[in-house]
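Shared between the two complexes below is subunit A, which has subunit B as its partner in the first and subunit C in the second.
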Partner chain A sequence: MDWIPTILNGLLLGGLYGLLGLGLALVFGIMRIANIAHGEIIVMAAFFGLMLQRLTGLNPLLLLPVVALVFFGLGYVLQIGLLNRLLGEDPLVPLLATFGLSTMLRNLMGQGFGADIHRLNSGRLPFISLHMGFANIGVLPLIILAISTASFVVLALVIGRTGFGRMVRATADNFHVVQMQGVNYSRIYALVMGIAFALTAIAGVLLGMRTTFTPYSGVEHMLLAFEVVVIGGLGSLWGPLLAGFALGVVHLVGLRLDPDSGLLYPDLLFFLVLLVRPQGFAGLRQT
Partner chain B sequence: MKTLLRHRFAVPAAGISACIVLAALPFVLGSGDLGLATEILLVFTMAQMWNLLAGYAGLLSLGQAAFIGMGGYALYGVTNLLNLPIYAGILAAFVITALVAALIAPLLFRLRDAYFAIGTWVFAEIVHILVTKSDALGGSSGMPLLAIRNMDIDQFPVISFACAAVLSAGAMLFASLIIRARLGLALMAVRDNPLAAASAGIDVWRSRFLAFVLSAGVSGAAGGIYFMSTLFIDPNAAFDVNWTVILLFIVIVGGIGTLSGPAIGTVIYFGLRQLLLGQQGWFLVLMGGVAVLAAVFAPRGISGMRFLERWVGQTAP
Partner chain C sequence: MKLLELNGLNAFHGDLQALHDVSFAIVEGEVVAIIGANGAGKTTLMRSIAGLLPHRQGEIIFDGASISGKRADLISRQGIASVPEGRCLYPSLSVEENLKMGLAAGRRGYWTLQTVYELFPALKDLRRRPATAISGGQQQMVAIGRALLCNPRLLLCDELSLGLAPKIVAEIYACFARIRQSGLAILLVEQDVTRALEVSSMVHCFLKGRISLSGRGDALGLAAISHAYFGG
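Up next, the complex of A and B:
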């Protein structure tokens, strides 16, 4: 048995899993909102990419900026129009709202697109691979890993090194105090939600290129994204990437040992981490 | 004094008249309507159990489908594989789901709030996948109820209804007793402020544990009777995400943290469903939309609305 290719492919897939969780981790870390509709946003982005592709005939990779921009706007509007009104003492109210939203979006997509399986067509790209001596590595997964990692780097720079990022971190620490410094925290929240939606939409298009999706596949992506957040732990932007790698490797190794297991082994890894390290890889504090 | 009288006699009186109505239904309704009545009672029971968890214990579980489906499979496992009678199956549905809940609780209780909600959901997914992979339980294609062969097919809807009626009456009685007893007070104290409750001498973990296990067991029994009455079970129906959607809709719209809330919610849910019969997709869109609106405008649901308080009793304390 040769395990190296499986593990390498797991790492490549894991980069994408990390990106699936990044937007969720950002929103949860800054605003304490657990967005249950996260999976539906992923699937919506994939469908939006599909429609744009049918319209333009371009490779989905070239459509990424457009999709990201549109979803940035959607996230901004959702935060301003709905979620900002629900921030308060009870963290379960936004959870309830996003749960309702996820049910709505999932079934709206079901009404619009039917239950058929879709995939984003990226031409010959999925069939090109590099010979690396001990394993063949697909070019598409490599590109996806590169985009995922780049997204992490850009977000870390924006949050860690810019004035905007400083305001975001200050708002996360205490939104009452930043208000006294003249920062409009509800606008910061809206921008953060916009950024999170843009990242999630990029993840959704990339996922649609790698694997098939239906209007109903959002739930499993949402759970996977939450596993990334919990396993990664709060307090570091790199935790989710590491968690993504771990989940990707466990997923593919699990599938190879036990072919019809679906996401069973990533789910079990989640419980294993809860058992031995409930604060996650990078966790500074337990929620 | 007036309110005391109202509460002391109104609740038992309503309970007794409800029981009389339930006992009369099998003689009045045809088997189709009796099936619907069975479903209403079971969904009401599941909603009340979710309410006990989310409304009284402050444990927002999004994975109740795990216990509903598991109860169904426990009943099918015991009756199909061990050839035991359906009543043993219903008992097994209660015992097995309560046991599993007791085993998983220590792990899930490491999570708080939103993390707990997601943890229960992941747990439901794990159970779903394991059942789908199990050949003994029929795998992904499911299995029929074999016990029906030894039973009178004409009497079967009446038997299912009777089981559902006994369970839902028992669950309602149990829930109304429990929230007035020490455990209920402890749960509400823990929900409102865990730290203060602990410092008042309440064992926070134990109170939550009891609520979680009891709610799982009764939901399991309800799931067992539900899938018994449908004569067939498969993993996608048993562990359907929409179980959670339905329970959440009923409890939130009716009024979380009140005993009457789930009853109101159940009536609204089935009313809307009958109106939108054959439009399952749009019905779900509507339920999601109403949940969003409820979160914005009325997080305490209909029984939390001031002008209705007189008719539906006290609101959430």
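Up next, the complex of A and C:
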């Protein structure tokens, strides 16, 4: 069966797609902020990785902790400095703010880096593969899948099992009431945005290692991330990984059947899920 | 010693004035009841004290210092805990997780998970259940337990009996004696006037945002209360 490699590669790609949506799922599921600048954050992280790499010459994988930490700080500051002030009855206000932010970041990156196509250089890593009986599996995609899965597991443990996670879930339920137990919800929101940015930045660097990017490629990544979140189910932290796998497999199978299709088949899957199961795979909350 | 003091409090919902010149005090360890019809400003008062609703004029003094304009989370860390109207439990959290949210206030004292389970033994077996999968009375117990775990010096209780069967309400009020033993003061809003007079040492009746009558429960006649309650 020569379809097995296609499906395996689709799953490997899907792990990255899932991670692209994880930060968005966290922010959207908890703060109900649709961060339109999500795609630009992904690309920005890739460019930041590129700059660090030119500076240090290290493999991008080794730069991940630094990138994640810096983007945690960016997310925290963005939430405290801007978005927290815009929260209120109207969800459109923070949405418009992130829309403005996305335009600004896109053009800033365009100014700084030009329209050239970039890629993060990870040496010989992209060319190493494992020979299994039925398929050749790339080592880089395997590493990316491992990092992605680990991110999902760690986030689920932090949100589900720790005292901090309990406060995050309570704040998501009712940010008025948590104040009565001494919780500063603005700070929780800022920490959550920081974590989301860190996860998104990790996804951005991994994406930059696997494929090319330009200052203007944020939009397609954002669409993919939104598809991951919606197919996975709003409010679920596991759904996005499953959705990523589904989108990755559909993407590669689609490309094989129809090489010029681009992202048509993943988009069709998105459309189909909206028709058949609008709450997504694991959507529990019907808000 | 005065624990809480309100001086000429005026609070607004938009342009609508909900509290007019409200002044009274609560002494440490005291139980004070607020009665009054719907829309009299009782919940507005509770939200103002908790810091969830800013007031334009007047001052709230807690433990000798003004808390007017202070952030709600800092007020609760200072020792004012709330059992909000309608309980407001967190549906995504289990019973025990809801209780543990009280610990977030960072105040240690008499109330721990263990003492709360001693007060409400029924909750112990339900601790892994989702907070919305238990009865209304049990949910009210969780809301009270959550507030107690903040180890407050002042407990604000807004309509504990709302939507509960009389038997359950009696059970919940029966726990009040034990709660008071831990030394905290209680400010409670209660629709049931007889119940309010019974558990409190001081009653303030609200009418259209003003205090229309104040006094010790046993000293107030029902006719005076009825007049203060309904106006006219």
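Everything below uses one rule, namely that the second predicted complex is superposed on the first by the 283 of 287 C-alpha atoms of A that agree within 3 Å, B and C clash if a C-alpha of one lies under 4 Å from a C-alpha of the other, contacts with A are read in each partner's own complex, and residues count from 1 in each chain.
Just so we're on the same page, a residue touches a chain if its C-beta (ideal position, glycine included) is under 8 Å from a C-beta of that chain, and two chains touch if they have at least 3 such contacts.
Quick caveat: nothing in here was measured; it's all calculated off a predicted structure.
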Clash-or-fit label for the pair subunit B, subunit C on subunit A: fit
Subunit B versus subunit C as contact partner of A:Met167, first or second or both or neither: second
Subunit B versus subunit C as contact partner of A:Asn184, first or second or both or neither: second
Centroid geometry (CA): angle subunit B/subunit A/subunit C, rounded to a multiple of 10 degrees: 90
Contacts of A:Pro91 with subunit B and subunit C, given as first, second, both or neither: first
Partner chain in contact with A:His176 - subunit B first, subunit C second, else both or neither: second
Which superposed partner A:Leu264 touches (first subunit B, second subunit C, both, neither): first
Per-residue contact with subunit A, leading partner among subunit C and subunit B: B
Closest Cα approach, subunit C to subunit B, once both complexes are overlaid on chain A (Å): 18
Contact set on subunit A toward subunit C in their complex: 163, 166-167, 169-170, 172-174, 176-185
For the subunit A and subunit B complex, residues of the former touching the latter: 28, 34, 36, 82, 85-86, 90-97, 99-108, 110-111, 219-220, 223, 226-227, 230, 260-264, 267-268, 270-271, 274-275, 278, 287
Residues of subunit B defined as touching subunit A within the complex: 60, 62, 107, 110-115, 117-119, 121-123, 125-126, 129-130, 132-133, 241, 245, 248, 252, 281-282, 284-285, 287-296, 299
Parts of subunit C lying in touch with subunit A, wherever the complex brings them together: 50-52, 71-74, 76-77, 81-82, 84, 88, 90-93, 97-98, 100-107, 146-147, 150
